[in-house]
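The structure appears right after this line, and notes come after that.
In order of appearance the chains are A, B, C, D and E, and numbering begins at 1 in each one.
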Amino acid sequence: GGGNASTGEEESDVFRVGLEAGYPPFNWTQQDDSNGAVPIDGTSEYAGGYDVEIAKRIAEGLGKELVIVKIEWDGLLPALESGKIDAIIAGMSPTAERAKAIDFTDNYYKSDLVMVVRKGSQYENATSLKDFAGAKITAQLNTFHYEVIDQIEGVIKETAMDNFPAMRVALESGMIDGYVSERPEAISAMAANENFVMVEFTDGGFETSDDDTAVAVGLKKGSPLREKINEILGQISEEERQDIMDQAIKNQPAADN
Amino acid sequence: MERVLDIQSLRKSFGNNEVLKNINFSVDKGEVVCIIGSSGSGKSTLLRCINLLEKPDGGKIIYNGRNILESNINVYEYRTRLGMVFQQFNLFNNLNVLNNCTVGQIKVLGRSREEAEEIAMKYLKVVGMDKYINAKPRQLSGGQKQRVAIARALAMEPDVMLFDEPTSALDPEMVGEVLKVMKELAEMGLTMLVVTHEMGFAKEVSDRVVFMDKGVIAEEGEPEQIFNNPIQERTREFLRSTLQAV
Amino acid sequence: MSFQLVKEIFLDNWPMYLRGAGMTIVISVISTILGAIIGLLIGVVRTIPESATRGKRVILKVVNTIFSAYVEYFRGTPMIVQAMVIYYGSALLFDIHLNRFVAAIIIVSINTGAYMAEIVRGGITSIDEGQFEAASAIGMTHFQSMFNIILPQVIRNILPATANEFVINIKDTSVLNVIGVTELFFQTKSITGNNFKFFESYFIASGIYLLMTFTITRILRHFEKRLDGPQNYDLVGNQMQV
Amino acid sequence: MSFQLVKEIFLDNWPMYLRGAGMTIVISVISTILGAIIGLLIGVVRTIPESATRGKRVILKVVNTIFSAYVEYFRGTPMIVQAMVIYYGSALLFDIHLNRFVAAIIIVSINTGAYMAEIVRGGITSIDEGQFEAASAIGMTHFQSMFNIILPQVIRNILPATANEFVINIKDTSVLNVIGVTELFFQTKSITGNNFKFFESYFIASGIYLLMTFTITRILRHFEKRLDGPQNYDLVGNQMQV
Amino acid sequence: MERVLDIQSLRKSFGNNEVLKNINFSVDKGEVVCIIGSSGSGKSTLLRCINLLEKPDGGKIIYNGRNILESNINVYEYRTRLGMVFQQFNLFNNLNVLNNCTVGQIKVLGRSREEAEEIAMKYLKVVGMDKYINAKPRQLSGGQKQRVAIARALAMEPDVMLFDEPTSALDPEMVGEVLKVMKELAEMGLTMLVVTHEMGFAKEVSDRVVFMDKGVIAEEGEPEQIFNNPIQERTREFLRSTLQAV
């Protein structure tokens, strides 16, 4: 079956959530329903991860059946606007620009920024932004990660990259010295590749706004679901969130390699 | 006698090259008319205009009483009544010999495949190519190709056959055989318009000979008159150079 | 890159690779065939000779302008945009909810059609004028000559370029993941997203792509040979009487 | 979609669009030309008739196998993978740090060459055997007949398919983003990422793409016409004595 | 007299069709040899084998004392010594008339453009096509094409000219003119091997006539002997059908 399950605006008993299923530990694709993974619509695969766990709780709270639709990042917004999905739960930050186009719920996770570098490089033991003067640094396109690079004095800001796999290859090949990331992604990267190390800024890191480091559920403008979802998210405590994230990091596919 | 084709004031230019200048002549039912003339005098162009492969610049082509240059004429049907044999063979490269001779019958005339093949075989035998039905055009010699092209046109059993030097690529043996066929066709009442360099053929078979020179009809008449007593000086000159060559 | 790792990744993920490849091949086979048909039809219409009657001339002019616009537009804009506009746009503007798979086929076919139309145009140009003339001379209409005489020859000549389109489609289906079609490329992306092993994961995907394109080009080569027919012909036994 | 918004987005971002478009056009013009040259050269070598001497036969066989592998490999694998392997692979394995722009040109040219080789093959097939024979008969070697007689005719016939390649390249440069080349598609992505107005931002990009491909196809059409020469010729004044 | 070409036991088949069966004959310097025979007898194939356009299955082709079927021969140089005129013209479609006649001179013989154009014009005048130097092949009539093809071959100024029915597409006027050129060439010491259906031409110009039948040389001799006193029954039969046709 394809996307013809969509029924547009009208009230329905399913809750369709769009995500990439390729950004662990927030979301990923796996082949069975172990660790509570949910089937992906129109395929024989399953999606797991932090986002999926949150989505399950929201669906339950709404009293609807959860349907996961796997869509590439660029397709998420049009899918939401055109009613192909009801919500984006894909590790998306509620930036001011995005908020002009869609509505966001309250945050369901908040992280901080770190730098991923090569093990054995001069940056392995960096502690502050100053240590990255003269380093070739990049970040993912269309994220605030890329903008905050400007806060490093004397940095060589490389072209932004489309996706994390490309940045990881660039880092491994020495074309860049590091990329800006969020803690969960960095932990995953370290777990998966012994050549990578995460630098946490103990001595003064990036200045960021809450909008940027938090992630929230994206909804269509004026969606009636917003209040209900905020209510459900409010019931998930900070500790529980951390638990779910720890569990996700432990369960992510790369971890068992 | 019934007039089949009547060409009136036909004109055709290519760029600054006026190839046909006010051509007037007619063909009656059952007549065999030969067009002779030197290279570049416009013989092929005239035939191509009659068949509407070239759009004339002016004049009339009256077929069975109707001017086919008028817009309400079904050109396709008109063309099935004319069989055309080209100087350059133009066999269908994608089809073998047999299918070259059946495709028009089946697709245009709507004959059944069986009937079409029977008719095709009949005319392929006439031109001596019935052994080659499986060959593709590129595998044939020039003479063989032209023989198939003649069979293809004959298979459509048209009212008028237009031949553009049908025997120029044939060997003399075959010329005789094809001549025989053409004579038979003439006796069956087929009207023929033949561009040819074969003076012997023109003399023997035609009812009338048209001599073209630089885009005009310089002279026309019965073969005896044209070949033995040409009125125009340029006809005399053409025939002199032609006959002395052979 | 380690081959041990490649093997492991393949063993872990082969169902994902396989399903992705299946989707890719189905979409590109169907769409290339539909696209080729569109291209051939446009080629046929575009070569209609100028008509004598004014009305027909105007209609033909309009149709040809539409075709040109079609070719320019679909060749000229990124398929990802087309996919978004067709799939999401039809939902947004007309409330038409296409099936994802159907949308995918429509998008890739229309796109291929635009490219094929140009390839066919080149193919028709290369056919000797005499072939058209001989077909006209036995009374064939434009469409009859096209379908019986010209296109069979054109198809032979454009087969290599069509194989190119096929191969391009196999790879271009990747943009369809913006409308949620999970073909090979998207699956591979997910796999790398999981295991962080770019080269090894894409090495496997490349192998699968190669296998698909290689198989398809072999089939089309074989087809080329068949269309060419035997180098020599055999004489038919000389039966003098029927 | 609102046109007011389209205007605003364009006014805000036109330098980004323009720079992206510039990069896209430069890479695709250079690469299509280089790719076409590669394709033509391969076409020439592939059609070398079988040699009488054993040594040459073996060399030719080896060269042709290499060419086939080249065509199959570069047509058969996604350009994004080729880009990663060539750019990062050369750094990882051989410590060669290519200039990004040079790498981009190499990647797109090699890729185009593989497609063009097949298009040229089709083009050569469609040339009448008699042309080769007449060239041979006046003592031309294979290369002389190819360059003086066959290829000029082939080029005329494959121009539409080459225009296709051009257009494909204009759009395919988008994958070069993985090696950090910022062309139009990437710029558009950045812009949408910022303003979240997918349809409007891509509407502008589509317009720019259309403008580029339209210009290029017009230029090539004009070129086609010029190659065809005038419909009629003029007679040279009849000077009887020199 | 010097022997230019010596064909020994030449054989060639296409599939199950044995087209040339053990052909033996030779051409001396300055000789004009005509090959006659019915359609499909293998005349074109023989010429194409001599020019190596077709690879013979067996036998020898000895040119100026060397077997050119041996592997150490420079085929390209050999071919420049042979001029070939095809039954089907084969003009270079991408070049205009003038360049058709200069491209070989410039690229193969290394002549300067000026010299090549002068020589080309000389032979284009001979065939009466000097007014058409700007025309592309597709704009010419059949006869005009063949005349350009002859000029192209002559412009290479070869030792031996191979003609495959050079006049079959020419009109009789032109036949006479081309004949005159060919006679002049013969007098200048040019060796010629001419496949033809023009019996008059064969009679008048050739030193020797070779009659081919079904892939073998059935008879050869001086023209007077072949035409007036053929020894073989099949030669008589061929000549009878040929002569009665014209």
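As a working rule, a contact is a pair of C-beta atoms (placed from the backbone, for glycine too) under 8 Å apart; a residue touches a chain by one contact, two chains touch by 3 or more.
Predicted model only: the values in this text are computed from it and were never measured.
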As a test of understanding: of all chains, whose mean C-alpha position lies farthest from that of chain B?
A
Hey, which pair has more contacts between C-betas, A-D or B-C?
B-C
Chain copies touching (chain C, chain D) - same or different residues, decided at half shared
same
Farthest chain from chain C, going by mean C-alpha coordinates, please.
E
Provide the C-alpha centroid distance between chain A and chain E, rounded to the nearest whole angstrom.
80
Averaging over Cα atoms per chain, report the distance between chain B and chain C in Å.
43
Approximate Å spacing (C-alpha centroids) for the pair chain C, chain D:
19
Which residue numbers or ranges of chain D touch two or more of the other chains?
84, 89, 128, 156, 198-199, 232-235
Hey, what residues on chain E touch two or more of the other chains?
14, 88, 139
Of all residues in chain A, the ones touching two or more other chains:
74, 78, 163, 166, 169
Which stretch or stretches of chain A touch chain C in the complex?
2-4, 6-8, 18, 20-24, 28-31, 40-45, 69-72, 74-75, 78-79, 81-84, 163-166, 168-169, 188-189, 192-193, 252-254, 257
Can you name the residues of chain D that touch chain E in the complex?
52-53, 128, 130-131, 133-141, 144, 148-149, 152-153, 156, 229, 232-238, 242
Can you check the complex and tell me which residues of chain D touch chain C?
72-73, 75-79, 81, 84-85, 89, 115, 118-119, 121-123, 125-128, 156-161, 163-164, 167-168, 171, 174, 185, 198-199, 202, 205-206, 209-210, 212-214, 217
In the complex, go through chain B and note every residue touching chain C.
51-53, 71, 76-80, 82-84, 86, 88-96, 103-104, 107-108, 121, 130-136, 139, 149, 152-153, 156
Chain E contacts chain B in the complex at 14, 37-40, 44, 87-88, 139, 141-144, 147, 165, 168-176, 179, 197-200, 238, 241-246
